[in-house]
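The chains carry the letters A, B, C, D, E, F, G and H, assigned in the order they are written, with residues numbered from 1 in each.
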Amino acid sequence: MNRETLRKLLENVRSGKLSIAEAGERLSGLPIDELGFANLDTHREIRRGFPETVYGPGKSIEQIVAIVGKLHAAGQTALVTRVGPDVHSAVAAVHPKSEYAAAARAIVLRAGPKRPARTGVIVITGGTSDIGVAEEAAVTAEVMGEAVKRIYDVGIAGLHRLLSHGTTLTKANVIVAVAGMEGALPSVVAGLVACPVIAVPTSVGYGAGSGGIAALLAMLNSCAPGVAVVNIDNGHGAGCLAALINKRSKTAKTLA
Amino acid sequence: MNRETLRKLLENVRSGKLSIAEAGERLSGLPIDELGFANLDTHREIRRGFPETVYGPGKSIEQIVAIVGKLHAAGQTALVTRVGPDVHSAVAAVHPKSEYAAAARAIVLRAGPKRPARTGVIVITGGTSDIGVAEEAAVTAEVMGEAVKRIYDVGIAGLHRLLSHGTTLTKANVIVAVAGMEGALPSVVAGLVACPVIAVPTSVGYGAGSGGIAALLAMLNSCAPGVAVVNIDNGHGAGCLAALINKRSKTAKTLA
Amino acid sequence: MNRETLRKLLENVRSGKLSIAEAGERLSGLPIDELGFANLDTHREIRRGFPETVYGPGKSIEQIVAIVGKLHAAGQTALVTRVGPDVHSAVAAVHPKSEYAAAARAIVLRAGPKRPARTGVIVITGGTSDIGVAEEAAVTAEVMGEAVKRIYDVGIAGLHRLLSHGTTLTKANVIVAVAGMEGALPSVVAGLVACPVIAVPTSVGYGAGSGGIAALLAMLNSCAPGVAVVNIDNGHGAGCLAALINKRSKTAKTLA
Amino acid sequence: MNRETLRKLLENVRSGKLSIAEAGERLSGLPIDELGFANLDTHREIRRGFPETVYGPGKSIEQIVAIVGKLHAAGQTALVTRVGPDVHSAVAAVHPKSEYAAAARAIVLRAGPKRPARTGVIVITGGTSDIGVAEEAAVTAEVMGEAVKRIYDVGIAGLHRLLSHGTTLTKANVIVAVAGMEGALPSVVAGLVACPVIAVPTSVGYGAGSGGIAALLAMLNSCAPGVAVVNIDNGHGAGCLAALINKRSKTAKTLA
Amino acid sequence: MNRETLRKLLENVRSGKLSIAEAGERLSGLPIDELGFANLDTHREIRRGFPETVYGPGKSIEQIVAIVGKLHAAGQTALVTRVGPDVHSAVAAVHPKSEYAAAARAIVLRAGPKRPARTGVIVITGGTSDIGVAEEAAVTAEVMGEAVKRIYDVGIAGLHRLLSHGTTLTKANVIVAVAGMEGALPSVVAGLVACPVIAVPTSVGYGAGSGGIAALLAMLNSCAPGVAVVNIDNGHGAGCLAALINKRSKTAKTLA
Amino acid sequence: MNRETLRKLLENVRSGKLSIAEAGERLSGLPIDELGFANLDTHREIRRGFPETVYGPGKSIEQIVAIVGKLHAAGQTALVTRVGPDVHSAVAAVHPKSEYAAAARAIVLRAGPKRPARTGVIVITGGTSDIGVAEEAAVTAEVMGEAVKRIYDVGIAGLHRLLSHGTTLTKANVIVAVAGMEGALPSVVAGLVACPVIAVPTSVGYGAGSGGIAALLAMLNSCAPGVAVVNIDNGHGAGCLAALINKRSKTAKTLA
Amino acid sequence: MNRETLRKLLENVRSGKLSIAEAGERLSGLPIDELGFANLDTHREIRRGFPETVYGPGKSIEQIVAIVGKLHAAGQTALVTRVGPDVHSAVAAVHPKSEYAAAARAIVLRAGPKRPARTGVIVITGGTSDIGVAEEAAVTAEVMGEAVKRIYDVGIAGLHRLLSHGTTLTKANVIVAVAGMEGALPSVVAGLVACPVIAVPTSVGYGAGSGGIAALLAMLNSCAPGVAVVNIDNGHGAGCLAALINKRSKTAKTLA
Amino acid sequence: MNRETLRKLLENVRSGKLSIAEAGERLSGLPIDELGFANLDTHREIRRGFPETVYGPGKSIEQIVAIVGKLHAAGQTALVTRVGPDVHSAVAAVHPKSEYAAAARAIVLRAGPKRPARTGVIVITGGTSDIGVAEEAAVTAEVMGEAVKRIYDVGIAGLHRLLSHGTTLTKANVIVAVAGMEGALPSVVAGLVACPVIAVPTSVGYGAGSGGIAALLAMLNSCAPGVAVVNIDNGHGAGCLAALINKRSKTAKTLA
């Protein structure tokens, strides 16, 4: 229900087409998302931009195929994260247009044709082991309409690798910096650029602070301003954030 | 050194005013921030937008007065965080135009006249105890040029308080959600809006998970997409991030 | 707004006393807690049974006096927790009928005359150091209308102390068991009785597991069924829970 | 020994049938559970209401079959938790009337016919991954005689899903709220209703705070009063508590 | 009630002086510690050997004076731990024979004359900072009747200091080894001797593992067999244990 | 080298049979365990009483067979812990007299005939899941010469089970109390008896505090004096300690 | 670019062969590692001494074979850590000269003939379970040109084993001390020698502090000066450090 | 006793000046550090190079004055760490030549004239708040004979500050890198140089990972080889290590 349908309902009350009792019932019994509050409308609007994301672990292949089918039928883009190629085989049997992003371990089934993407998002990693998480971020942002530039394996143990990309980095609207071990990459990057940096700790490493804890704590304690942190290995969350930021950026350019 | 001074140096080499040996020495020996790399130029550009922030704890009043003086002399806005009114008294004795934001426990000494601010940043808290951290975020963003709307004490134990601000929230470019205890506010807000939400856990609470740990972990584990986390009580970091995001947002409006 | 006022509004629309535009405005713009949803009505109803609790730490005496005054003016019972006698002196200067529960470190200012209480709640402690937290629980439950029986200092290092109260314990509707150190009291009690046991770990102890962590973990790992846990030192929460349970218990008796 | 056998013993002492020495020996040497203290009688009474619960993990199929058989022979209802269908197959070979609750992964073998159940318990989950733990709670409460209403997948990332059940929630005597991730569901629910809420953190999630720690801490730090917490994934404990509370509730209705 | 009073009661039943009903009442209603069970008798016997220990922190001087007075009146030795000389001054004003063990920060008021002590307990420390905890252990054991040999400041950073006491150590019945920092002393000692070693971690140190955690974990992970651990700084517990072991040792000699 | 061989060496120096240089060399170059310090002699003496314990995990079957063979050849009793029946099969192929303690998962190969054992050690568990660790303790103590009484499954959720063994418990010289979950058993036992109690936390349980952490912390924080703690699941260490204590106890009786 | 190429560029500017604009472009746009800063030159120099280390876990056999091939083609020694013999089989099929250090689980493919090694590095372990980590350290140091002396299984539970190597230890330039459990070995060693000691905690052990945490904390809290710590199981890091220290030591001798 | 005095003793035995019994007594009864083992001799030799360090916290001014006096009388340099100027005033009253290093909060009283120092040690910090810990390291190394170069406030948030010191850094024999917050400085430095880097985490920061934990974990997880870690704020340990390494470095130059 929105203001228009509300107006019609009230007109029907005045004209007698609708009894007062029935109108009262419909007004008080409506699910809250039909009451026409702007926030909930916007909420649905978000959902149209946002693909429904299906977190794969803990779901059977049958469940995933069913959910993807339901989303597709509803005209929504489906994004399934953290699944293997076997899951994609099952999905592709039903939806031949679905794609499998192997490095990201994600399935994408677009609701319509690929739209022109906006530039401005850079995804960067410290090492090669961080690439899986980085790809999850990149693919998520791409599904949301961003054109993502990837710069991988430029960790701080060899600073010149990172510095050689200095000019490129300074042109970003938002940078997703993915790193495990000591997790210093986002701090170093944030010291070089003027845009927000989204820090993604990865569970790469061993011993004390393993599982990404050392990287997470380092990122939360960054001495450089402008660093936002997401949970360990949460590439999807980082990609969403990057897209939300880039989407409203006045300096993002839509590619032809 | 910038491209202009570099051009002049090279002209002097061509004209013979400068020996090759001396030119080589100057070029290779220059501090790296004078070499004119775009990223470092941008870096300085950031610094002009960014006030130099002085973290108060652990510094003597004399040190703070001296640093503020130095920044002011260099034509930069000074922001001092986490200091009491006694520190401001000492600063104000030298810089009568400095202001003290009591709730934020911050001193601001602007480099020039207050510029027109951009709308789009909302700072929201769960309880009244979170307001100090929220004000640190708000004042930081204001110093960076944003017009901040504050909505305080709308925690999830009484959802109607939050929902009554639904329309306002959906108009934001970025929302800073500050909460202690179970830290659920950012998740609930992120479920209602389409913009990035910056989650700030506060050290409000006691017992297991006290000191902000429960809130921090809850925010990192948010089931809603689009939540960025900063460290516990890090209002300053959240304010920086919010300003960096809003600053480049095409929907931000500059107030007259 | 409730169904009655909604009905009147709709009648006014039909009769033309109210324009459709204005009715639409009022319906869509109403604060959510005025829309007459049963849950929110109930919510307010709860609040009438529940005194508004003011958590003292971090609030100035002036703030507390002001909040108590506001609650009193609104006809609500005020309960202030974790405050010293100095705070009560300030409150009592304005509200001479306010009472100070010294062991609980709480102030109570009742909205009306003390009502007859319901029997059924027992508060029990392991040691004398746990009494402060236990009293916070007891006073909270009392303010909510329960008659609380206290059994203190019956820790498991001398089981006969506890067992000698066996008959009394088995008559309770709900038992709040407060203990620090190894926190075994709730498990032992839950093995003896048929009613729910609310376990409150206290921050009594030192060394590894201090601050109540050992007791909290022990209570969460209780081998006896029927144990509910609240946070460390959270006497207030335990008292609320106990009252909520006892209040609806068919075996609770109201004292003359 | 009970009061009757005690009386007889004393009569035998008076009549001389029993020597004083022997009587003294029997009285001081009696096992404590034969002394007829009310608490221990009650204890046994509880046990009759409570099915003997067999925690499956770490036990062999043979052991479980044997324990179930022993309980059944003793006329007690048997509840086995956290076992797969293979265990049920083995149990069903001996006890064809045993039932397997697949979602809860529990076996139930009732001692007698199913009794009419009492209304008033609601079990609610944040996501679909929390359903296994929720079913363990629901089945436990059902075995103890409660009629459980299930409301699943109404997490806080889409508040309208939860709010649409508002009226139903406010009619409960006790609500079991099961959630992983940031664990905010119990706080939100407790802010809407007047009855006790039993919070069950689940081990759903990853990264910092995974394994249910984030959810557990959030629940312990709930800003809403009236929240009782059990250990991570402890659906059984929550179901017991809910049944203990509902069983004595004057507003519970027994279904025909 | 003991066997003697039980015998008298039963004689009164036989002689008719006491009705059966009344006897039954008294027998079933007696507090459990009056029923003459061997374990509880022994329990009281222990208490006679064991001084009642009063843990000082959190108690007022008045409370401590009162408790000491009560114990003294009951003919029991009083041991008060973790108190300053000011507390002793107050106690000594009433009980001039009370003694203050300054290094242990303990007050002792003996019930009778000092008894001959048993040899066999050695208390050893790694550093001088551990001496306070060691003295708490030593004084506790002394009050329980042991003659304690102290060997202090023989930490493992200079092994020769420890090894030079080798012969002495091998003659002990039980050794209390007190150490902070890396807590390796008990392991090294247990590798040299045949008697039980009680390891006491102290809260000496700083940084990661501070507060005694590093020492505690090291002691729990000792590669040498025969190491018993108590909580951090728990000198009292270690002293009790050492006395309990030495008391029953056939090789302990009572000094003239 | 001992004092006798030292005397001979010095006589040879005096008589000229040994040059001063050579004597100096032998004296300064001797391995420290040949210098005749009592502690190291005693050390070896201990080793004769103590079976060489082989910790199984991480060793191949071949390695274990080899080590057992070497110990046996040296006339020492061999104890291998935490191994399955397959390891025993391999050992038994070579040493048919070796025995496998299935519940303890230990292999014992005695150096000589089984000696008469000393009474006084009791091993007690909270649940049936703790029996494996308890058996490791019991078998270790038995190999060291103690006759161990086992009392299993007497956890605190049903106190009467424990209390019915009260008399037996009070006769022990040392009690090993093994428990997982909330780990309260040792505290309850220590409140009933006068002898040292060795607390063994087990890794039984799940959720917060799982892996034995809750039980360990509870045991370290025991409110009852006289509790010694070993690491989680460390039955072997507890058994060693119990034997070391019982071995020197004057109240232990050697069975015929 | 180095000083020579810089000189040529400037000469070309003077001679007019290069336009000022183009020269400016090339100077400002150069990757930082071509600017001839000493630190980056040195950096590359380091790399020649240091073999490129390939951390095996998480890489496929194909990837490892490819990386080793690339390093070999570039004339660099390749060191692959934490891989099984199956990986070496695949590498050896291509590079028959590659060697597999089984205990260290490392593959080495030298760039040239084995160079004479420098004495001075000792690697020492507490137990046999620590040998894998110790070998990783030893092999790493050997690949970097050191001759490593190994002293294994000399833990502190039998001090004489360690002390018998006293003279050898005092001759080292650097000692790598590898230990799990309570991790006391480095402290004891550092108390005996004058050279730096590199402490490597291993993940050997179980219960509280397992996974190497107890050993790590103990090493960080060493009471002996001169102890450097690396992460748990980080033999490679320890070997690098030892080689870096020995390499520059004036007392290291190169073997013929 | 050393080899010379041992020789004389044996000569006296041969000549009959010393009885065999007496010689045996002296040899077997000697404290172990007088037996002339090389490791212990070396140990003392270390001590001459190493000043006896007195850790100030927990010691009274009187105790410190006494210890310093004793060390001075023994001809040893005294270093007292973590003390205020008031302690120095008391020491200086007795030892006017003692010096107070205010930034390091250390007192130095040299045993003789200041010796020429060896170059090669650099101490570097991320921020100004780290300088106290850095000075403790620097002063410690200086007392041990090193000439320390300090480079402060060159943290990674502004990389150009660090890079401008590149040439200097590459000339060090050992670098002590001191940093709080995210602790990334040592990793970045180790990526630039060929010498060992000693990482010192400081307790600078707040929120999650505060107290130096984030920095410590980051340093232990450094992705750059050649990083040695000491405990949080342990400047003294880092200074000792740096001196031990530099002392034996062939590239260290002794200043005139």
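Quick note on the criterion: contacts are C-beta pairs under 8 Å (C-beta built on N, C-alpha and C of every residue); 3 or more make two chains touch, one makes a residue touch a chain.
These figures come from a predicted structure and were not determined experimentally.
Where chain B touches chain D, the two copies mostly use the same residue numbers: shared numbers make up over half of all numbers in play.
For the pair chain A and chain C, the CA-based superposition corresponds to a rotation of 180 degrees in steps of 5.
Distance between chain B and chain G, defined via averaged C-alpha coordinates, is recorded as 41 Å. Chain E and chain G, compared by their mean Cα positions, are separated by 51 Å. One inter-chain figure worth recording: chain C and chain H are separated by 57 Å, centre to centre, where each centre is the mean of the chain's CA atoms.
Shared contact sites, meaning residues of chain F that touch two or more other chains, fall at 40, 43, 158-159, 163, 166-167, 191-192, 207-209, 213, 216, 220-222, 231.
Of all possible chain pairings, those that touch are A-B, A-C, A-D, A-G, A-H, B-C, B-D, B-G, B-H, C-D, C-E, C-F, D-E, D-F, E-F, E-G, E-H, F-G, F-H, G-H. Within the complex, the chain A residues that touch chain B are 37-40, 42-43, 45-46, 49-50, 53, 163, 166-167, 169-170, 173, 191-196, 198, 216, 220-222, 225-231, 236-237, 240-241, 244-245, 248-251. For chain G in complex with chain A, the residues that touch the partner chain are 29, 31-33, 40, 43, 58, 201, 203, 212-213, 216, 231-234. Residues 129, 158-160, 163-164, 204, 206-209 of chain D are the ones touching chain A in the complex. Listed in rising order, the residues of chain A touching chain H in the complex are 126-127, 155-159, 163, 181-184, 187-188, 190-192, 205, 207-210, 213-215, 217-224. On the side of chain G, the complex with chain B involves touching residues 3, 6-7, 10-11, 13-14, 16, 20-21, 23-24, 27-28, 32, 35-37.
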